[in-house]
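I'd like to ask some things about the structure below.
Here the chain labels run A, B, C and D in written order, and each chain numbers its own residues starting at 1.
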Amino acid sequence: MCRWLAYSGSPVRLDELLYRPANSLVLQSKHARLGAETTNGDGFGVGWYGNVPTPGLFLSTEPAWNDRNLREIAAQLESGHVFAHIRASTGSAVQKTNCHPFRHGRWLWMHNGLIAGFPAVRRELTLAVDPLLFPEIQGSTDSEILFYLAVTFGLEADPVAAVARTVGLVEEVGRRHSVVNPIQMTVATTDGETTWAFRYSSEARSRSLFHSVDLSTLRHQYPDNPALHVLSDDARLVVSEPLGDLRGAWREVPESTCIVVHGGREELRPFTPVAPATAAADGVR
Amino acid sequence: MCRWLAYSGSPVRLDELLYRPANSLVLQSKHARLGAETTNGDGFGVGWYGNVPTPGLFLSTEPAWNDRNLREIAAQLESGHVFAHIRASTGSAVQKTNCHPFRHGRWLWMHNGLIAGFPAVRRELTLAVDPLLFPEIQGSTDSEILFYLAVTFGLEADPVAAVARTVGLVEEVGRRHSVVNPIQMTVATTDGETTWAFRYSSEARSRSLFHSVDLSTLRHQYPDNPALHVLSDDARLVVSEPLGDLRGAWREVPESTCIVVHGGREELRPFTPVAPATAAADGVR
Amino acid sequence: MCRWLAYSGSPVRLDELLYRPANSLVLQSKHARLGAETTNGDGFGVGWYGNVPTPGLFLSTEPAWNDRNLREIAAQLESGHVFAHIRASTGSAVQKTNCHPFRHGRWLWMHNGLIAGFPAVRRELTLAVDPLLFPEIQGSTDSEILFYLAVTFGLEADPVAAVARTVGLVEEVGRRHSVVNPIQMTVATTDGETTWAFRYSSEARSRSLFHSVDLSTLRHQYPDNPALHVLSDDARLVVSEPLGDLRGAWREVPESTCIVVHGGREELRPFTPVAPATAAADGVR
Amino acid sequence: MCRWLAYSGSPVRLDELLYRPANSLVLQSKHARLGAETTNGDGFGVGWYGNVPTPGLFLSTEPAWNDRNLREIAAQLESGHVFAHIRASTGSAVQKTNCHPFRHGRWLWMHNGLIAGFPAVRRELTLAVDPLLFPEIQGSTDSEILFYLAVTFGLEADPVAAVARTVGLVEEVGRRHSVVNPIQMTVATTDGETTWAFRYSSEARSRSLFHSVDLSTLRHQYPDNPALHVLSDDARLVVSEPLGDLRGAWREVPESTCIVVHGGREELRPFTPVAPATAAADGVR
C-alpha cells in the first residue's frame, strides 16, 4: 500500500503541501491512518512543474520522514502542479527506479495498489508495451508497466480511454492466469495542466481516494483558519487520505470513478475498463 | 525508541535470531508491540563474534525490513554471541556512525532510550570522555557518548561500576541543566563472553526488558515445539520485547536492575547510579 | 568498464583477496590500471560459497573503496570460492539489482563489457529469455539479460555451449539492428565447484583477462614472499587485471578463449559463438 | 582532496554551472585534472540562495557523477549565488553530515584541504568552539570544526579576521602537537551577498584556486562563444580548477591570499593567520 497526493492551483511552496498539514504525507509515511499498511517507508518521490517543459523529479529510497534533502528542497521550491508519493513495496526492490511518480515527456504517473499475481503476468504485460517505449522501462514494478501500457494505449491523446484499455488488458491477462481480482488501484496522471485520477479495483473494494472541495466555501465556513488562506480559489488536492480533520473539506471519490481536475473545476465520471476484445471490435488501434 | 536483542549460546545462524521468531527483531522494525514508537526504521546494526578477535559489525541506514544484504548475511553467518539493534532516531542524523552496536576493541554496546536534553548537556558529557578515546567518537548520538563515558569509567575492568558512574554523571550534569529526568535506558554491553544488560531510568519507568528462561525447562513443557530444539541449553536472549508468545518463555527484568549472562547462567542485581561526588569520595579514579 | 575477480582454492578470508594485494580489487575501484575507465565506483558485489547450498551475496551501490560493511564482512568471512565485481556503469542505473554477481540457484555470473546498442536490442533479447525465468529478472542491465539467456540455453548442463549460444544470439540480433560489434565481454560463471571464464568480443579486441599460475612453482621461485604462503596449492585466481607485479605470477588469457578452473587445474579452450541458425540446424533445443 | 565552485551573478540554472562546462564540477568528481587525487567520489553538496532567507542545501553521499536527483534539481533550480563541492574524504566517514557546504543561519562554508594530524588536535579544537554553537556540530570532519571556529571568532561580523584567527589557532594547536604543517586549505564562505575565498597552507604550497575574469572583456575577445552569453557582466566564479580551457578566462589566486567577490567586483588581499597570543594581545575577544 502506498499513499499519494496530487496538487494543482496557484504556486505554493512544497513544504506547505508535504509537511504543514496535520496528517501530512510525510507523516503518513510513518503512520498512515486509512491504509491496510501503516508504514510507507520504502522510498518516496515528488514530481513538480517549474519553468522548464519537463517536470522535475526527486526520488529517494529513504523513508520520507527521514530525508533531509526532501525537507530542504520542499522549503525552496514553489510549484502550481505537484505529485507526491510515498511507497510501501509489495515485493519489488526498494530502488529509485521503482519510486513514483514515473515520467514520460511532460507526463507523470503514480499508483497505489497492485497488479495481483504480477510475477505470473509480468512478461505478457511487458510485451504489450509499445516496443518504442520498452527502452524507457527502468524499474521492476507493476506500477511502471501500468504506466507504459497506458502510454501505449494513447494516454497523451485520451487519458481516460487509455487507462480503461490498460485496466481491461490487465484484467483479461490476469483472469487468463487464474488471478481472481487482477487489479487494485488508485492512479493519478497529469500533463502538467489537467489531472486525471482513477479509483478502481476488480473486486470493487478500492483503496481510499478523496478530493478537496472548493476553498471559497470552506473559507466562508472557517474564516479564522489560516491554512485556508495560503491556497488560491482554484487549488485542488486529490489524495489517498485527507490531510486534516476539517469537517466538510474532503469528499470521497466513489468506487469505479475517474475525477478530472482542471483550473479549479473537478468532474467525476464513472470509470469502466475496456476489455481487449471490445477494444478490437471497436476498431481501436 | 529502539529495540535490541542480545544472544549468547551455541553458534546459531543469524537468521534464526533475526527473521525466524514470530515477533522477530526485523518484524519489530516495522511494527513493534511494546514501544511508544511502533516504527524502528532509522537504520539498524548487527555485531557478532566469529573467528577473529574483533567482533564484526554490519550497520545500515536502511530500515531492517528492507535490507537484502542483512538477509543474505544472516543466512550465511553463524555466531555464538550476537548483538542486534533497530533504531528509531530521537533526532540525530540517520547515518551509519549513529547505528548501534558501537564497538571499542572487543567490546560492543547498544542502547534503547535517550539522554534527555542532550543538546544542552552534550558538550559537557563529551568533555568528560577520556581524551585518548575522543578520536574514536564518530557519530552524534547520546548513545555513543554514553558508551565512551562507560569506557572512560572502566567498562573493561568492571562494567557494572563503570555504567553506574556513567549514569551518575549523566544525572548530575542533567540536573545541573534543569533536566527533570536525565536518562532513560536499557543498555547491553559485552566482551564476547559475558553480557551485561541494564534497565534503568531516572523516573523509574524504564523501557521494557526481558530475558529468556532456561531452555531445558521450556523443552520439557513444550516437547513438540521445534524452535526450542535449535538452541543449546545455555542459550540466552536478553531482548527489548519477547520474540514470541510462548507462555513462560520470557521474564521481565525488573526496574533498576542489571542482568549478567554468562555460560547459560543469568544473575540479576539491583542497579544504582553512582554520583560523581560519591565516586570522588570513594577515591575512584 | 568493470573489473572482477574469481577465486577458488582452500578457504581464505575475504580481505586477503579484496584488500591485501598490492593492486587489490578495492584499490582498482578507484584507480584501475588496465581499463579504458580508471574509476569503477558505481557499486560492487561479492558472492561467496559457505555452509549453506545457496551462495551469499553482498551488493552495494557505494564505491567499494568507501564501504565499511564490505571491510567488516571481508574481515570475518572465509570461503573457498569467491566472486567479486566492481562496477563502472555504461548507462544503466546504480542500484543493487544492477550489481554483479547475479545469482540463479547455486550459480553466480559476472561480466565486464557490454552489449552494444543495448536499448535497441534489449526487448528482443529479453523475449528470448525462458518465460519461467522472466520473473527472476530484477535489474535493467545487459549483463543480467546475458546471464538469463545463458541459463535459458542450458548453463547448468553445459556452460560453454550455453554461453556460445548466448553470444551467438546477441551477435545475430545486434547485426540485425545494424550494431557493428554487438558484444564485448569477459564473463565468469560458477556452480561453486568449477569456474568457467570467457574472454571474447565481436571485434576480437577484448577486455583484459588473466589467470594465476600454479602456486608451488611461484613459491619455489620466491621462497621469501609471505603472500604466497597464505594460499593452498590448488588456489587459482581469474582476474580482469593482475593483483600485483610479481613476475611470472600471471598469464594473460588469449582472445576468444574459455578457461575452466577446477581443483587447482586450469584448462584453456578456444571459444566460438554459435549462431542461432547453426544451433537450430544442430537440433539443439 | 576536494574540488569546489562558488558562483555569484545573475540567476542561472544550476546545470549551467554544474554540468555544462567542458571541465564541469560533476566531471571533476570522476576525473579532476589538477588535484593530487583524481577521484572526488565521496559525496557532494550544493548550497543555493533562493526566495527564502535560509539558503537551500542538497547533500548526498553518492558520487556526483551518478546522482540523478542532482541532475533533476540542477535542471529546475535557478540561483544567483551557488556553492558546490565534491568530496574526497581524507579519512572521515562518507555521510551527509560530513558533506560541504556547511550552513549556519544565512552563511555557507566549504573547504578543500585538511587539518593535519586531526585526530590528535580534534578535541582541543572542538573545545575552542563557542559552547552555544557546539550543538550545531553534526559531523566528524575537520572542515566543519574549522567553520564553527570561524563562526566563534566572528565570521558574521568580519570574515577575514575570523578566518585569520581560526587558522592561527589551528597552526598554534597543531605545532604544540608537533604537527609540521598544520593546515592546508582553500576555503569559501558567503552570506549570500559577498563571497570570501581563501588560499592558504602552512607550507605555502596550497591547493589550486582560480577566479574568472570580467566577462565583458572575454566576450569581446570571443564574440562567437555562446557560453559567454548566458552569464551576466557581474557573474564571477571562484573555483578549485578552471571549468574550461578558454585562454584568458581564469586567473590563479596567489598563495596566502583572500579574494572578496561582491557585485561583479573582486578584490585580492594578502592573507596572514593571526596567532592566539597576538589576538589576545590585541584585546580581541
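Criterion: contacts are C-beta pairs under 8 Å (C-beta built on N, C-alpha and C of every residue); 3 or more make two chains touch, one makes a residue touch a chain.
Composition by chain, UniProt nomenclature: A, B, C, D = Glutamine amidotransferase class-II.
Please read these numbers as outputs of a predicted model, since none were measured by experiment.
Visitor: Out of A-D and A-B, which chain pair has the most contact pairs?
Guide: A-D
Visitor: Chain C and chain B are one sequence twice: same or different residues at the contact, by the over-half rule?
Guide: Over half of the interface numbering overlaps between copies: same.
Visitor: Quick check: how many Å separate the C-alpha centres of chain A and chain B?
Guide: The mean C-alpha positions of chain A and chain B differ by 42 Å.
Visitor: Can you list the chain A residues in contact with two or more other chains?
Guide: Touching at least two other chains: 68, 93, 96.
Visitor: Mind listing the chain D positions that touch chain C in their complex?
Guide: Touching chain C from chain D are residues 30-31, 38-39, 41-42, 61-63, 66, 68, 89, 93-94.
Visitor: Sort out for me which residues of chain C touch chain A in the complex.
Guide: The contact residues of chain C facing chain A are 93, 95-97, 119-120, 122-123, 126-127, 131, 134-135, 137-140.
Visitor: Where on chain A does chain D make contact in their complex?
Guide: That would be residues 48, 50-52, 54, 56-60, 68-69, 72-73, 75-78, 96 of chain A.
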